[in-house]
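Labels run A, B, C and D following the written order; every chain starts at residue 1.
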Amino acid sequence: MSDSILSIQNLSKSFGAIRASEDISLDLHAGEIHALIGPNGAGKSTLIAQLAGEIPQDHGAIFLGGQEISNLDTVARANAGLARSFQVSSVVPNFSALQNVMLAVQGNQGRTFTFFKPVLRDVELVDNARTYLQQVELEGRANVSASDLSHGERRKLELAMALALEPKVFLLDEPMAGLGAEGSKAMTALLADLKHKAPILLVEHDMDAVFALADRISVLVYGRIIATGTVEDIRNNPDVREAYLGSESL
Amino acid sequence: MSITLFIEQVLNGLQFGFMLFLMSAGLTLVFGVMGLINLAHGSFYMIGAFAAAAIASWTGSFWLGLLASLMAAAIAGALVEMVVIRRLYKRDHLDQVLATFALILLFSEATRWLFGAFPLYLDVPAILSGSLTLPMGIVYSKYRLFIIIVGILIAIGLFLLISKTRLGVRIRAGESDREMIAALGVNISKLYTIVFALGAALAGLAGALIGSIQSVEVGMGEPVLILAFVVIVIGGIGSIKGALIGALLVGLTDTLGRFLLPALFGAFLDPASATSIGSAIASMLIYILMAAVLIYRPSGLYGKMA
Amino acid sequence: MLKKLTQLAAATAMITTPVFADEAKVKVGMITTLSGGGSGLGIDVRDGFMLAVKGNDSIEVVVEDDQRKPDIAVQLADKMIQSEKVDVLTGIIWSNLAMAVVPAAVNQGKFYLSPNAGPSALAGKGCHKNYFNVAWQNDNLHEAAGGYANSTGYKNSFILAPNYPAGKDALTGYKRFFEGDLAGEVYTKLGQKDYAAEIAQIRASDADSIFFFLPGGMGIAFMKQLAQSGIDLPVVGPAFSFDQGILQAVGDAALGVKNTSQWSKDIDNAANNKFVADFQAEYGRLPSLYASQGYDTANLLISAMDKAGVSDADAFRAALKAADFASTRGDFAFDKNHHPIQDIYVREVIKEGDVLTNKIVAVGLENRSNAYVDECKM
Amino acid sequence: MQERHFNLLCIFFLLAIPIAGLVLDEPYYITLATKVTILAIAGVGLNLALGYGGLISFGHAAFFGVGGYVAGIIASHALNYDPILEWPFLIEGTTQMLILWPLAIVISAFFALIIGLLSLRTNGVYFIMITLAFAQMIYYFAISWPSYGGEDGLSVYLRSSFPGLNTMDGLTFFGICFVWLMFAVWLSSRMTNSGFGLALQASKQNAVRVAAVGIKPFKVQLIAFVLSGAITGLAGALYTDLNRFVSPSVLSWHTSGEIMIFVILGGVARLYGPLVGAAVFIVLEQTLGGVTENWQFWLGLILIIVVLFARGGVIGLLTKEVRNE
């Protein structure tokens, strides 16, 4: 447990009679990609929202780098080192790609409350932001408005913003969603690099990508984790086959 | 303070509340279905009152006046919707505020042009004038009782309309998913015109009903408009039920506050300052209520959480 | 020496030029409410004033709409004084607008003739030699109502007014002369139109009479609702809620109500008969209280112009003070604080054919001045 | 035309009008230009919250009025030689602008802080209405509070003073207001381009995203709201000095609506939008008012046409410079 950066312990959440997550425990170790898979409605998005601090848990605890973050709000968790991407791209639409990343850099460095210095003339900040854009191969699109970026570019932009937070952990919610084959390949390559900066908790439907990237996989069904293991373990797990019965992706 | 006086004040509060409900129902529907902030809603209230006054004095019949108020406000509503309002649905709230503010100026001045600067005469019909004695010896105005009954009937009618009719199904669908109902082949622009005219007609009716016991004059719609906004915000925007509860809450709070607060302050202040301070706070009371509701429930009592 | 001569010549020119060119000319700035709520009052004041100056070439009137907003009124006053260079200002209907405009205007040496508002501050400590009120001090009509209540024998009045300064003055004015008890004293919200709660309190009280001051639409609403309530108590009020412009809107609910006024269309004197006839001929409607005040204001001005040029401020002021004009209300004089001394009548609302109007039934207070004369150091 | 050039043109006209007033001996032009300038400052304040922060406040009359009353009350105490407070320590009134301004700014900022803290819990139409509710509370309080004139308002007879200047001179006072306007515009330009401005504009478009990068949108918006209220409060203090009078009408919802209309009419989230909006509105009011008694009808018609056909306000129409909001 000593090397687990993110540790989720016995997390539960019910909405009335519906149990969205039930007694979930999960660890994320340094340098790994831990994929979270499961059929639609299994509670993956609820879990991400719980981790990000949008939905309070009923029971259980979350630790980040040994520190309990269960009772922190979204902002405090981001500041504690939790960077997330959203299932549906969430960027500031009328900002350029560069401005979007600069916002994230500001957030990370706690430099939001400067009132008089024109931000675009803050060389250090701008250079900083450009580096992150470079890392996701968007430097050529720095001054394009986010709303004019292609879907794939916006996905990358979100990654750049996550990078800019210099986080302890990445929470990525379906980064491949809506990308074509070409895009998925590029994204897979990016993520493979990314995990050396910080471990990734990856929610993903694209099984090719999951099997290519994941060091470990957890399978979530009806709010419970039914199996955790390596790619091989999961491929051969009968419960998983059961849950995915009829699904072609396995 | 006697119990009969208190009951009479509660009735007054209910009557005020039902009148506010007529005003707010249209406002909240238009917002819920079309996402439009309509500051000009008070103008339909005024149009209804002026139409009623004109027709009632021309024909001598209060009832024809009421009918005229419904028709005039509905026609004005439909026309405005087709000429101006429908161009605003896709705009942001700011454009809507500016355009409908401009409509207030337009309607008010046009009315003054047509009818002059002095208030018009509109009185309750003979059959409803005077008062009757309720159980417990409560003497109450027949006409105010009539307003309460009309309010209840319209509230029931609206609930039936929304829950039981095809139009209601479409309205509900329109609130949740605009593209969907378009895909179902519903003529959206016609639906919007109907909803808008319906809301306008209710406001016009309220104007005529209230104009009979208050005054029919240019600018009469603006204070009521602010109150109607208070009501729908307390109730939760888009909710007819919320509008009803909010209207009754505001009506009761305002009426009872005006009556009880000065008495309350009278317990420990001299009468002159008690009435003065008491009524000062009473005039702020509904806004205090609204702020309190919103702080406790940021989307109103029955609003969808954002 | 030569320089001195030129100066002298210039000074003489300054004194003499007006005598030739503008001797009889006066430029009047009228700031009044012509749009939005309450515009009926401003329109009547204007029409009354214009009727009196019609065909008079020596008076030029500039009329502006204040929208009933004090800040607009102040800015219009600046415009009148700075750009239009008027000699006399007039027209303001509302006390709060008068408070905003009058002190600054008279301190800049302009004359102000008030055709309507008469706040107590301008009658007492804030009085000014260039300020003349041609209508009444705000308390007057309410005082007369109190006086009338005494003489009629009312012992227990329920009184109500909006919660703002003029409303408080109204109740104070009534209480100044009324000697009976108060069954209730209620301040309503300014602009309130529903009086169910207050009427219920009246019903529950053991009042033998009601006094109210609720200007404009508020009064219409109150009277109609009172009539509906079945309460059958005598009502007394100032003329504002029962005047010609508004009376038709109140309807039969107003019949029999006693209201106090310094003017009525049935005051029988030559000036008033001519005014009523001319006004109807010119505008096709019966004149109101406000129209009579506008008319008197203009006639006061004309009377002063006959005696002195406006450029000689002291002489002109003395001419105004003399009030040497035929008022529509009969005897008229200024007290030392430049507010009227006049009879305040009690009128009753009656029907002439289909038209509701007023007729004088008594005199409420004779030769009434106002309560603030002694506070005025002038 | 580029927006920058258009802005320079605006400043030129704003300066030219009072000078023309002086030359043509029409001092009223100076008063009008001063009024436009002051209302533009109020608009610049609102624009910070509404334009850049997306916080549609229908209650800015509260700050305008509070600033106005602060200036009015303190000055009236000084003019009447009547101390504001005698116990526990003596506070005298003053007519010194250098004291009145900071007080008006601080006190209206304080009101904005309280109102903002409570109102920012809501959003959308609820935010519009709750800000209105707070303004209405203050409005009714001012009407029925007798100490400072209530509905009658408060006259201050003399314009407050500034060391070395004759503020009663129209052109001088215009100059003071003009300097303030330029300062307010400069401040809001600086602020919106700063790191804070970046976070503020991001909060308007995507508050969830802002929270996810570790910035509290609430805090950003609250600061913007307080600054906005402070600037509008300063405008209120200047407006009291312009009219030498303050009354509850500056607190009414019409005032909130008008300030909002200046901003929308000129162009939302444009530096000079409030100035252009205020100028167009006042000029329309003056010219139409001179032509017909029913000028409000025509004003309404023109406003509708502007909304329907000139997106991005007058500046958007004239500069053809598209601005996403």
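Observations on the structure shown:
Rule of thumb we're sticking to: a contact is a pair of C-beta atoms (placed from the backbone, for glycine too) under 8 Å apart; a residue touches a chain by one contact, two chains touch by 3 or more.
Computed from a predicted model, the values in this text were never measured in an experiment.
Centroid distances from chain A, each centroid being the mean of CA atoms, peak for C.
Centres computed as Cα averages put chain A at a distance of 75 Å from chain C. Taking each chain's centre as the average of its CA atoms, chain B and chain D sit 31 Å apart. Between the Cα centres of chain A and chain B there is a gap of 49 Å. The centroid of the Cα atoms in chain A and the matching centroid in chain D are 44 Å apart.
In chain C, the residues that reach two or more other chains under the touch definition are 35-36, 163, 168, 187, 189-190. Of all residues in chain D, those touching 2 or more other chains are 140, 143-144, 146, 294, 296, 325, listed in ascending order.
Chain contacts: chain B has residues 108-109, 112, 276, 279-280, 283 touching two or more partner chains.
Of all possible chain pairs, the ones that touch are A-D, B-C, B-D, C-D. Those residues of chain D that touch chain A in the shared complex are 190-191, 193-199, 201-202, 205-206, 208-216, 220, 223, 324-325.
Against chain C, in their complex, chain D makes its touches with residues 25-29, 31-32, 35, 140, 143-144, 146, 149-153, 155, 157, 170, 239, 242-245, 247, 249-250, 289, 293-296. Those residues of chain B that touch chain C in the shared complex are 1-2, 4-5, 8-9, 12, 15-16, 108-109, 112, 116-121, 123-124, 129-131, 139, 141-144, 210, 212-220, 223, 255-256, 258-259, 262, 271-272, 275-276, 279-280, 282-283.
The part of chain B that touches chain D in the complex is made up of residues 31, 37, 84, 87-88, 91-95, 97-99, 101-106, 108-110, 112-113, 226, 229-230, 233, 237, 276, 279-280, 283-284, 287-288, 290-291, 294-295, 298-300, 303, 306. By the touch rule above, chain D contacts chain B in their complex via residues 50, 56, 118-119, 121-126, 128-130, 132-134, 136-137, 140-141, 143-146, 253, 257, 260-261, 264-265, 268, 294, 296-297, 299-304, 306-308, 311, 325.
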